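Let me begin by presenting the structure, written as structure tokens, before commenting on it.
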Amino acid sequence: MSYEYIKFGPEERDFIAKIEEISGQNIYSCYQCGKCSAGCAFSSRMDKTVNQLIHFIQMGQKDRVLEANTHWVCSSCLTCSIRCPREIDVAALMEAVREYILREEPEKVKISELSKEVIEKLPNIALVGNFRKMTG
Amino acid sequence: MVQYSYFPGCNLKTDARGFEKSAIAVSKKLESELVEIPNWNCCGTVHTMTSDNLMKRIAPVRILARSRNHIEELEDTLNQAVTLCSMCNSTLKIVNKEMKEDLDALETINFQLEEDNETYENDMEVKHFLEILRDSVGFSKIREKVVKPLIGLKISAYYGCMLLHPDEAKIDDAEMPSVLEDLVESLGAESIFSPMFKHCCGSYHIVEDEDIVTDQVKKITGDVLSRGANALVVACPLCAYNLDQQQKMLMEKTGKKDVLPIFYFSQLMAIAMGEPWEINHFEDHKIDPRELLKKLKIEE
Amino acid sequence: MMKLKGGYTEEMRKSIDNVNKTRSKRIGEVFDHMTMKERDDVLKNYHPDYKADGKRAIAYGENKSDIVPVEVADILESYPIFNPDDIDLSQIDYDVSILIIGGGGAGTSAAIWANYSGVPVDEILVSNKLRHGDANTVMAQGGIQIADRPEDSPLIHYLDAVGGGHFDNIPELAKALVNDAPDILRWHKDLGVMYDLDEDGNFMVLSGGGTSRSRMHSAKDYTGLEIFRVIRDEFRGLDIPSLEFTPAIELLTDETGRVAGAVLYHLETKQYFVVKAKTTIMSTGGFGRLHVSGFPTTNHYGATMDGVLMSYRAGAKLRNLESTQFHPTGAAYPEQIVGLLITEKVRGLGAQVLGNNGEQICYPLEPRDVEASAVIKCCTSTENFIETPTGMRGVWLDSPLIEEIRGKGTIVNNLSAMDRMFQRFGIDLTVDPILIYPSLHYQNGGVLHDELCHSSVSGLLIAGEVSGGVHGKNRLMGNSLLEINVFGRRAGIEAAKEIKNAKPGKLSLDHIKKSISVIDSLGLKKKRYGPMILPEYRSDIVRDRLVQLYESTD
Amino acid sequence: MSKTKTTLKKKKEEKTGMVKIYIMGQAYDVPETLTIMKAMEYAGYKFTRGSGCRAGFCGACSTVYRKEGDFRIYTALACQTIVEAGMVLTQLPFVPADKPEYDINSLTPSANTILRYFPEVARCLSCNACSKVCPQEIKVMDYVQYCLQGQISKAAEESFDCVSCGLCAIRCPAEIPQYHVAQLARRLHGKYLMKTPDYLDIRIKEIKEDKYKEGFKEMMALSKEKLEEKYKNRDRESN
């Protein structure tokens, strides 16, 4: 990645504004200390760490943000949010990215393709939680 | 006898019925009775962190409204809705706070609820039953009611995320909680600290990506076992399911023998206070805790 | 608009005052049953069946010179609704083992039992005129008669049924009806039908008109709906093919005269389908929408006697079509619901039938024809009736008495459909009585069949209201929900056996061509067409301006 | 909402006893005493879809309408509702909703069973839009929640008066086919949670063992007069 190719026009600004609107957070409060990623129980599974994802949002790099798995791996435990020295609700940013996608494509989890046998075993609390986060 | 308006949540009526039955039994013994809200609805389990989605906030507000109606029928009560599940607790608490701060949002939601003759006036508090036990009942009173001390149980308290996060919902210090430890010690058990006490279990990912949960459960139980604990106590039915189910799965897959039975905090109380065994529904557990209890001669 | 208080006019309120005054005195008051002689008298003088006007003889066919209602004769003497030469029988759209015409209670049971008996689902086809289940079945409210209690027996049930039918029932059919009943209840329970239970866990049972035991089993006042939606759910679970909005418009026969399928017509795309079938089950239901003698009806939109007509054209014998059941308690007020059914369960629970003076006019649970005649008598030859603002006459059904006898909440818990229907028009039946007048309810007769459902034409089985013989001249309440299940099941099982040896020949509409020439020879003044398929309710203003457009389809 | 004003007349010309309604946007004068269904027929519509039992049981005639000057959506069964001046209405010809296939004999009456076939029940937002549109005034949201909570009997009782019109399913933001869910709950309740009295199977056995064979033979051989005599003298159980 080299900087000369990074575009920062109206499209990028729109994306940032939308994420800020959904999350209610100021994306530029983040100074990239990395504490969120350090404390995240799922960092090792994320193809971009949490602070990297925030950085891409700050740069308006919509495609890079949307193709990451970071926000889907996030399980909303909120450890990042309570530890952020800049008091950003980091988990709300993850939620905002999920919502941004789900408002266009409402089924990250395709409910009708889940195995009926598996569903029958699962507790309702898991299904309710999952469908709230993974479907729109 | 104090009566509390009690919101069960879906899971305590189904897979986790033993958690509820034991809690209701001990609540009566402690003269702080949990009385179920008639006709309640699911809170949504996870709180929406979006700023603009009021739809997902209707469910918790409706519960608060119904709870408010409910306390009119109760005696010697407070404006409190009590939960047993940490996910319900967190969702209800956060939304309750949001509504207090954002009266426009409350008005919009009330506009929807009005047609069902249910409006919410911001006059409720949400409490986890653990808070009632600690702050209203007191551990000394609990200690007095113990007839069968849990001697030999070395329990590690697993708080999970939602009892301690976020600030609006936490019931104890987020980095250094003690309520579960204090509770199990007052029941006669030994508490074993593990730094994994709030390392997320993987939560709802159990539905679509079981591996995430398996990894977390391995890490959590591995650490707890290495510290000499023989059981886990939890306060969230989803943590309970994930820890229980994934340990069993690992046991079947790898032949691993040392596993940690999972207790809900209310089950430990029911045992120590001499409530009938059946109410705990240990048969619903994937790893049957009765073996350990037998070994320790706690179960006759 | 008129000023109403609690849904009623000032004038009607005066009469309601009489009802309220006498209510406490009437608790426990039992009006005498009529003697057989009294029954005969009231029937002969007041029941539409026994009146010469409004009736005439059928002019041709197997039942030539039988006396039936004019409306029925008109349909039987109608011309087909299409030209048989326009149908290409060489192209078969569906080649199946069993074709079931009519997906109400009888047809649906037949399909399920055929499948239970080993016929694969793709060898079955059900044709529905409207949606699957748009049938009188779902409108049956009160209950189903089953002699299962120790105090009861199939023999007593039999005696009640044949007595109610004026001893004109075919004995073997009546026996089959009552003997299969407990089996049907077991089947329903296994499927998950929610029959009402009492506090002791026994079935909740009530008396019906003309029954000597309490044997009416119910599911609130949605009994037919509850039974049907469960068997339809079972049907859909089995994945049996079913066509909606595609009624049969004529049967097909082969060169031997055997029924060999049917021509179906899609009401929306307007195309026809040729169905070849080894066995055809006719289960199309009744004729309420013919409005015999100008009566309003309790029946569903598609109850137009199509099955009787198609079977008759194919040569089947009919029976008891002279007899029409008028339900004693159709709604007479408000105008919007005139004719709709007030379930017999209202009387079963204790409501009495009262005149304008607030006194009982007859025992409330006589057989239906007797009860209806008593109401007609009160409204036509006495002054003891109540008149509505539109000039309709009726008598009171004292519903508030139910809660006086059985306690508060009985109506909401047991008659929720009735309660809801009247609430919609501002009438509270726990407080005020409701006005009733007989309504055209049931086709007592129909296509003759034996206890294995065979009609007089080979290849054609009969089940349900379209049939004739089981009820004689009058059906008892609760025997129709039973009939569709008993004979639906028998037809399904019998069809599964019959198809093993059946070999229908070349499809033809020769019997239709023959019918046309016979009807030509009758020299009728007015040319009619049938089957009717759907009744005509458009206003005259519109009907006067209808025009058929030509269409090029090439 | 768009209205074609082709037949709008001035107010003074309106006939007494008539009201103006809009059927799919087109204005018609109809008698004020009619139900929506009869008013549509008066206006010239001949139903194929949209009319079934005409008595409030079958759910074929679910109707959606607004009133002039009122933002709310109203729903009704056309056969059970009187027209009002200014109604702008349409009927729902059909409600698409998948019904899963199941064998009732292999199920257990639990929340897990409901979720197995209808996982979308877990998506309920408790918005109560379903209850608000129900023409049968069923607390639809409550029974969906009972299903999620495993309270199958309560769900069955609450949903009992359902006529499967499908209006709930159309309004649901969680896209739940409530009336199919309710059907499963009722069957589970009727089969597994409601008792069957013992005497039913005893009677079935008696019939199978021909206990009444002789009785029938005797009765069926009687002359009409004898049978009539027997009928007249039969004892009646008091109600």
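For reference, chains read A, B, C and D in written order, and residue numbers begin at 1 within each chain.
Keep in mind that, in the parts below, a contact is a pair of C-beta atoms (placed from the backbone, for glycine too) under 8 Å apart; a residue touches a chain by one contact, two chains touch by 3 or more.
Quick caveat, the model's predicted, so the values are computed rather than measured.
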>> So using the touch definition from the top, which pair is joined by more C-beta contacts, B-D or A-D?
In response: B-D
> What is the identifier of the chain with the smallest separation between its Cα mean and the overall Cα mean?
Replying inline: D
> Could you state the distance in Å from the CA-based centre of subunit B to that of subunit C?
Replying inline: 57
> When the C-alpha atoms of subunit B and subunit D are each averaged to a single point, how far apart are the two points in Å?
Replying inline: 40
>> Can you compute the centre-to-centre distance for subunit A and subunit D, using the mean CA position of each chain? Integer Å is fine.
In response: 44
>> Could you work out how far the Cα centre of subunit A sits from that of subunit C, in whole Å?
In response: 62
>> Two-or-more-chain contact residues of subunit D, please, as numbers and ranges.
In response: 111-112, 148-149
> Out of subunit C, which residues touch more than one other chain, so two or more?
Replying inline: none
>> Show the residues in subunit A shared as contacts by 2 or more other chains, in ascending order.
In response: 114, 122, 124, 127-128, 130, 132
>> Going by the contact rule set out above, which residues of subunit B touch subunit A in the complex?
In response: 9-11, 14-16, 42, 44-46, 48-53, 56, 85, 87, 161-162, 165-167, 174, 198-200, 202-208, 212, 215-216, 237-238, 241
> For subunit A, which residues are in contact with subunit B within the complex?
Replying inline: 21-24, 41-42, 45, 73, 75-79, 81-82, 89, 91-92, 95-96, 99, 109, 114, 122-130, 132-134
> In their shared complex, at which residues does subunit D touch subunit C?
Replying inline: 32-35, 38, 41-49, 51-58, 60, 80-82, 99, 101-105, 136-137, 156, 160-161, 163-164, 183, 186-192, 194-197, 199-204, 207, 212, 215-216, 219-220, 224, 227-228, 230-232, 234-237, 239
>> Applying the document's contact rule, which stretches of subunit A touch subunit D when the two form their complex?
In response: 111, 114, 116-117, 119-122, 124, 127-128, 130-132, 135
>> Please output the residues of subunit D touching subunit B within their complex, sorted ascending.
In response: 110-112, 124-128, 131-132, 139, 141-142, 145, 148-151, 173
